[in-house]
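The structure appears right after this line, and notes come after that.
Each chain carries a letter (A, B, C and D) given by its place in the written order, and its residues are counted from 1.
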Amino acid sequence: MIKKKKKAALLEESAPLTPEEIEAIERERKIIDQSAPYHNGERLLSARGVKVNFNLRGAELTAIRGASLDVYEGETLAIVGESGSGKSVFTKTFLGMLDKNGRITDGELWFHGEDMVKYTTEEQWLKVRGKKIAMVFQDPMTSLNPVRTIGEQIAEVIMWHFGKTHDEAKAETIELLAKVGIPEPEKRYKQYPGQFSGGMRQRVVIATAIACRPEILICDEPTTALDVTVQAQVLDLIKSLQKELKMSVVFITHDLGVVANVADWVAVMYAGKIVEYGNVHDIFKSPEHPYTKALLRSLPQLGTKGNDLYSIHGTPPSLFKKIVGDAFAPRNVDAMKIDFEEEPPVFPVSDTHWARTWLLSPQAADYRAALIKRDAELHENQIPESPFDYTNAEKLITVRDLSVKFKVAGSIFRAVDGVSFDIFKGETLSLVGESGSGKTTIGRAIMRIYTNNVDGEVKFNGTKITGKLSRADKKKLHMQMQMIFQDPMASLNERAKVDYIVSEGLYNYHLYESEEDRIAKVESILSEVGLTGEFTSRFPHEFSGGQRQRIGIARSLIMNPDFLVADEPISALDVSIRAQVINLLNKMKRERKLTYLFIAHDLSAVRFISDRIAVIHKGHLVELAPAEELFAHPLHPYTKALLSAVPHPDPDTERDKVLVKYDPAMHDYSEDKPTWTEITPGHFIYANEKELEGYRNEIS
Amino acid sequence: MTKYILKRLLRSLITIAIVFVVVFMLLRFMPLNGYFPDEMIKETDEQTRMAYLRNLGLLDHPIVQLGRFVKNLFKGDLGRSITVYPKVPITTLLAEKIPVTAFLGFWSMLLGIVAGLAMGLMMVRFRDRAGDTLGNGYIMIIRAVPSLLYLFFIQVQISKWFNLPMVYYDDKPLSWLLPIISLALSSIAWYALWLRRFMVDEENQDYVKFATVKGLSKSAVLKKHIFRNAIIPLSAYLPADLLNIISGSLVIETLYAIPGTGGLLTTAIKQQDNNLVQILVLMYAVMSILGVFLGDILLTFVDPRIKLAD
Amino acid sequence: MNHSEKKLNSLHNSLVRDPSLFEAAEFSATESEKTGASNYSYWRSTLRTFFKSKAVIALCVLVSIILLMSFLYPLISPVDPTKVSINPMDWNHRPSFKHPFGTDALGRDIFARAWYGCRNSFILAFCIALSDVGIGMIMGALWGYNKKLDPIMIEVYNIMTNVPSTVYLVLLAYIMNTSFITLFISMASRGWIVEARFFRNRILSIRDAEYNIASQCLGTPMRRIATKNIIPHIISLIIMEAALCIPYSIGSEVFLGFVGVGMPVDAITLGNMVNHGRASFTLHPYQMLLPAAVLCIITVAFYYLGNKFADASDPRNHV
Amino acid sequence: MKNTFKRALAMMLVLCMLLVGFAGCKDNGGEINPEQAIKDAEKILASKEYRDTYKTYFSTSYSSLNYFSTSYATVREIVSNCIDGLVEPDIYGNYVGSMAESWEHNADYTVWTFKIRQGLKWIDHTGAETEYALTAQDFVDGIKYIGDPLNGAYSLRVVRNLIKGLYDYYWGLDDIDCGIDTTTKREDLEARFSEIVGVKALDDYTVEYTLESGAPYFLSLIESSMLLLPIEYDYAMALGEDFGVDNTKMLYCGAYYVSEFKRDKLIKLTANEKYWDAANVSLKTVEYQMIPDGTTSLEMFQRGELDYTSVESEAYQSLQSGEWGDNLIPNEFSFSTNYLWLDFKGANPEFNTFVQNQNFRLALQHAVNRASFGALREPVDPSRLIRNTINAEGAIFNSQGVDYTQLAPLADVTNADYSADPEAARKYMEAAIAELCNADGTIKGVTAGDVDYLPVIKTKVDGKLPVTLIYVGTDDESEIIMAQLFEAMVEQAIGQDYIDVELAFDTSGDFYGTVGGSVDGPFNYDIYWDSLSTGYADPSGILGRITTEGVENVGSYTVPEYDALIEKALAATTFDERLQYFAEAEAFLLKGAYMIPVISSLRGYHMSYEIPFTSPRCLYGNVRFKGLKVATEALTLDEYKILEAAWEANKNAKN
């Protein structure tokens, strides 16, 4: 255990630097400093060569391997990276908020002329936290104390930092609440977090964070846990507050669409290092680091339907091991030999843009040019697939008047309320909606996970599958329908080996002739999903999220099903891995003639993979249409709001986009009851007569 | 809300009724000999004994006895003790004994809560340091070592060292000290243990990290957020604790010769004092079920999360 | 070449490398897959966290020694713990070389009795731990899995925890006489419901986990879901509960002895030795203190180990 | 009065014997000169300072104060101080008048007439006089109260059988209650009480008891039995079931009244100012507090919180060498005898076969080492506890003043030393085996099977040697030790090849309830340890109850010879003859080892602040505080010895 030593002493004593090393550091600093004139304001915070180590289960993990970054006054800096890249940890060092087992081992953190790395006491940090640098966390549901009123929680900051009286603080709090767009702030002051929706709570969290007018506001994925429509509103709020209060905002996110929306400057982080830095246009228009490039290219928005997405191979590296060369090299198909030998230094692209890749070395100029040329050709050669032909399509699944009820705290809650739709053989139908809309429930009702609380009828190949079934029927169904789950961490049994997990279905119905046969089946399916047979004797915890999701897919496919319910299979995955899984699903669909019910909240990926899209809102399907039709002519106001909120990884379009707001109160269903109507062939909508009239006019 | 409370109340009543009937019938399976004092068996012939039983109404069918009991109960007549305190009305007994036990119980509960919460706070404040180790050691000893051992030790040795009375006197406040402390020992451990556990749980919550990021000092966070949230689940046990002060402790009341309710049930069962057992069981069942029920109700008042779920 | 380009070039000068390195490297798909594996293993982490503490290791050794002694001593020692001397001169000896813990009121060797007592108390405690945790787990699983059972079980729980245990302890003692079996039945018939509730709550939290739903989709029968999906996840809880059951059982035995419904009064158990020694405590303190010390070591050790194991098995503590 | 004198004389002799033996063992101080003793005693008494409160304790709660209906052992101590009977002993044990001023009896002791003291009133719990006068009718009403089965005076057997007509009256009422007798009305029978029952108030201050048979011991029965106490009938009837529930629900006429009654905690007796003999009441208050734990009382005495504590043998050893070593005073005597009951109708076929055999019973009698048992209670001189007879020595004397236990043939038993020859036990056993077993060790007529002594024990027997003997005891700490000792000594003396003692303990806390099986069923034991006490100055108190048909024949033996002797004794015309027959009967029973007396129930020592020999010497009843002096410092053994010698000298002088 570490006894009470001076914190400064924790900085590991390292060997004296060689002249070469000193020169490299000097060079790096020079390049980073070059952008200074291009910023609007003063440099507020300056991190140089920050290294953070964690002691995790006895092993040493280097989470940040020397990150340098500046925060300038009045700007929004986005730090982009996937989970484990260290973006969160890095910003936590600005507040002295590292977990107990973590410590800064090297580097400097300059803020107001003081090196915060040398802070030893709580008092020193208390002057910074909340007052100068504030932070907003990812999950608004857990960031607020559930048993204290939100007013108290904001007022307490004001009282604490400015020593104001309770009444003054209260007045100020109410003002703040109004400022973050909370209606009736006096009344809301006295309410508890439980009485607020997620978006509202995040507004409260933001109000708390800005209560002391901090110079820097760090937003750690503030919108990830929110629904798309709410996310866009919160982003707008942060942007307007930033302008109003002239704060610097450090925005941590994995979502490039969000980056395009909010950021002035972008830093891309990978494996504990900032690999590329530039202003938002530099990064989106001319990315230089292979990782940034790959990330942008693998976005489904940029893919061509029917073709494989550009995908990044493999998984991020383990930070327990010492990384030699470019951390991204093992996953980079076009890596050069030097990438494996030596860590690339920073190369400037322009005064505002630098990247940490050997490609920018003058020596690699030829190789780089060749790559650019090849990629351009590749992109041009992709031919979009023709839309699914519904004329002769057979119905595989018909859902009629499906309702699912749950008992919540004594009252009955209809999660799904009278839903009807068909799924045709060979198509991908996507079900899109916000959390709590009932989309997963529909999938589970079809899968017969819910049985007792389900009303209505589901037919599979013309046979009714709701209600009681015989053992044989169940067996048949299990062979024909399978499911892929959202959370690869939760959907694999941690205590079973991959071998068992994948062959569970085989065991259940004894679908193998001999042990050798079973092993062969397992190995063949694993290789189909891109995993080797040697993985069978391992436990799930030895795999990364993408790999685990592929194991989950293998588990379902080994039953040789016709129909797959994919319940948000990519939403819990890192950006760099999503494309792999999307490609895999598409490949399987082609090879095995599968039909998918694809459940998602992320419209961008949905457009790429689905033939038809159904939009669900609060248990009702509100609109269903072929994918392109829906994107081109959304009718239902909710669909429109949803589409308008989708972030697009292009700073130009993203800045100018207009949000459409949806308010369910706009429908007057008191007399004129809504129905599920096919307004044009293949385009269904949930509306009453009056609304239908309006929609018809809109189409024509 | 009212509907929910009524439903809960009804369920509680059914449970109490079942508990009571089960105990009532179990008692009727006991051998008849148990109703006689030792001298009586030695001194009397069978005829006399049967006469005695008949006079007590014990030879009637159990259902008849149950009916009679319930009827009397509604009339407010709890009956008289049979063997433990022959002929003494049970109301008199309870009126004599409950105040004594409840008095000591109340102070020990207060001591238990105050000292327990203080200890829990100390353990969290000095987590993984001496204070924590000390508290954990105390909890471990209280929970692992059979209570008889240390209670006995306190009565014999501690009383000697501090020159305190060895038994309870209702007119000597000094003699209340050891029984109250002895009674409180386990609840101190209980409160400390759970407060610590809940606080450690709360410590890992996001809102605590957020409060720290807000710039609140460690002790402010501990006080305003962690402690405040951690005592909410503990408060659910308050009504049960409060009701429980009348049940007393068999061991402590025996050691200190406290004329309370502690050993009453055990003695009554062993001596087959049906009337007394029935009333006591009824009382304890009502108490414990009511305690849980009131705890739930209380929770809806102190925890805003629960009100919302309804 | 403008000024800034010049500046850049000067920065690159020190970075000239062997040109052959700037060629495409070979890509290996397996290499890319290898990188991200976490080093986390539940059991390894649990055991590592558990054995990190020196106190745990020391207590484990101590418990092993006591266990070994308790079960070996009766097998190898020629001393008869029930050997009564009718000669008053042999009674109430102080600890000596011949009788390390002294002799009791009838001249029996307390050292020997302590080990026999340990063995008997252990056997009882193990049996109770086994049945409480075993039955509790099975009932808890049924309770957790079957929603229809829930209101019934809650009522059963309320009733069982409300009927004063002494009522049926005494009744059982009437029907069956005090014996090992009676005590076992009386303690076990009540302990399971508490464990069942504990396991029910745990199982509720894993019942709806996605991997269980996945098994459901694959048509996995209940039996295999239980053995493969549930038990492995609660095995650490089972171990912990069983460990904590032991001090509880031993403590209960002492208490029930005090109330008079414990083990047969002439059986050699730690509880009886302590209860009997209490009467002559002020006069022959060693008759009570030495067995009580052994008893405390056992209960405290199991309690401590159980709790430490609970801490260690909580993934949140795996840092 | 003559009898009383002689009896007292003989008793003194016995006590002297005991004390000499004791003194010889304790130190070698010679005999104390009586005159010197009286002088020394006066010095001691003069040197002491006295106080008027006395603090003592009780260990099991006083459940009720109703002296007729509760189990009298617990309540007797309070009642004997608060309700005075007709007579009481003086400090030398001679009967003097209490509520009665004088009394007379007819020649065959069947009619006793008492003259009641005039002008006395009942007092209440505040010490104030009530409207109720104490008259002869109150004594008649006492009998009437216990004669009604509804009042639950269940321990009335002795009195019921002694007082003329009471038996018929009692069962007559019970028959009506049961519905057996439907022709008689309850009120009618109650009205005829004075006709049927032999107790009458001749006038307001004269009460006459007519007895079924001559009872020279009647005065000692008045001392020992609470059933002959008076009651204010109207008051008691008005309270109904509440009578005696606490101190406020009761009237007093004794030297003290219960001024405070905190159930399970404290009982405070306050001197009755209106008492007829108030001048001789020296203590103003007596406080009893409940202390359930033996070690606590010892500790509290040493801290000065109590004025009296008993000292068990184990405590004796550790106290002896300490600061309290001088204050350990041996308890004087006990008329209660511990003995072993053998069950002749038990369900254990092996034991049942053997117990019918006299040689086997004698083997057991000789196997029991009485000195070892005694050592459990009296570490210094265990032999003073040995008792071979059922009735205690020093309790009953014939008209010549000869102790009943020294009458031939009982003297043989009294003076025998059964433990002297351990070989004898084995020899008797071999003789028994020769008669009862086959050569291969199987017992004739016994097959293997279960023995069901539930709820105490259920076990198996194999029908072969060794004989299985099931000893049943309570779970009291000291009784467990005695049982284990019994097992060891019997198995050692007789040999484990011949006998196997199994111990079983009842933990219900209700030993007789459990061992007694169902209300009318057989008993669940082979052997158990019990005690009987000589309750008044006549052997019939015990011997009459343990005849073949006797209620207390727990062993269920059938001994016609004994029954015949008892009948002869009861029919005897003179008291000496009566005692002779009783002695023969008791000797017959013991020589046949139908039951095996072992030791007296005397338990060890005590420490106290009280001055001994200052209060009425109650042999059969309980301690009376009237006249008791309590000093400010604890009595030493030396002082005790001097006071004792002086008491004896005075007694001799007086008689």
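To be clear about the criterion, a residue touches a chain if its C-beta (ideal position, glycine included) is under 8 Å from a C-beta of that chain, and two chains touch if they have at least 3 such contacts.
Just so it is clear, the model here is predicted, and its values are computed rather than measured.
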{"item": "Between B-C and A-C, the pair joined by more C-beta contacts", "value": "A-C"}
{"item": "Reference chain B; chain at largest CA-centroid distance", "value": "A"}
{"item": "Distance between the centres, which are taken as Cα means, of chain C and chain A, whole angstrom", "value": "42"}
{"item": "Where chain B and chain C are represented by their mean Cα positions, the distance between them in whole Å", "value": "27"}
{"item": "Averaged-CA centre spacing for the pair chain B and chain A, given as whole angstrom", "value": "52"}
{"item": "Separation of mean Cα positions, chain D and chain B [Å, integer]", "value": "41"}
{"item": "Shared interface positions of chain C, touching two or more other chains", "value": "170, 174, 260, 281-282"}
{"item": "Contacts with two or more other chains, residues of chain D listed in rising order", "value": "295, 299, 455, 508-509, 514"}
{"item": "Residue numbers on chain D that touch chain C, as the complex places them", "value": "294-295, 298-299, 314-315, 317-318, 369, 372, 375-376, 379, 382, 454-458, 475, 477, 480-481, 483-485, 487-489, 492, 503-505, 507-509, 514"}
{"item": "Chain D contact footprint on chain B (complex, rising order)", "value": "31-55, 80, 84-89, 92-93, 96-97, 155-156, 160, 165-168, 170, 254-255, 257-259, 270-272"}
{"item": "Sites on chain C touched by chain B in the complex", "value": "155, 158-159, 161-164, 166-168, 170-171, 174, 247, 250-251, 254-255, 258-260, 271, 274-275, 278, 281-282, 292, 295-296, 299-300, 302-304, 307, 316"}
{"item": "For the chain A and chain B complex, residues of the former touching the latter", "value": "95, 97, 122, 126, 128-131, 134-135, 137, 139, 142-148, 153, 156-157, 160-161, 192, 194-195, 205, 208-209, 212, 408-410"}
{"item": "Of all residues in chain C, those that touch chain A in their complex", "value": "4, 8-9, 11-12, 14-25, 27-42, 45, 48, 209-211, 213-221, 224, 228-229, 232-233, 318-319"}
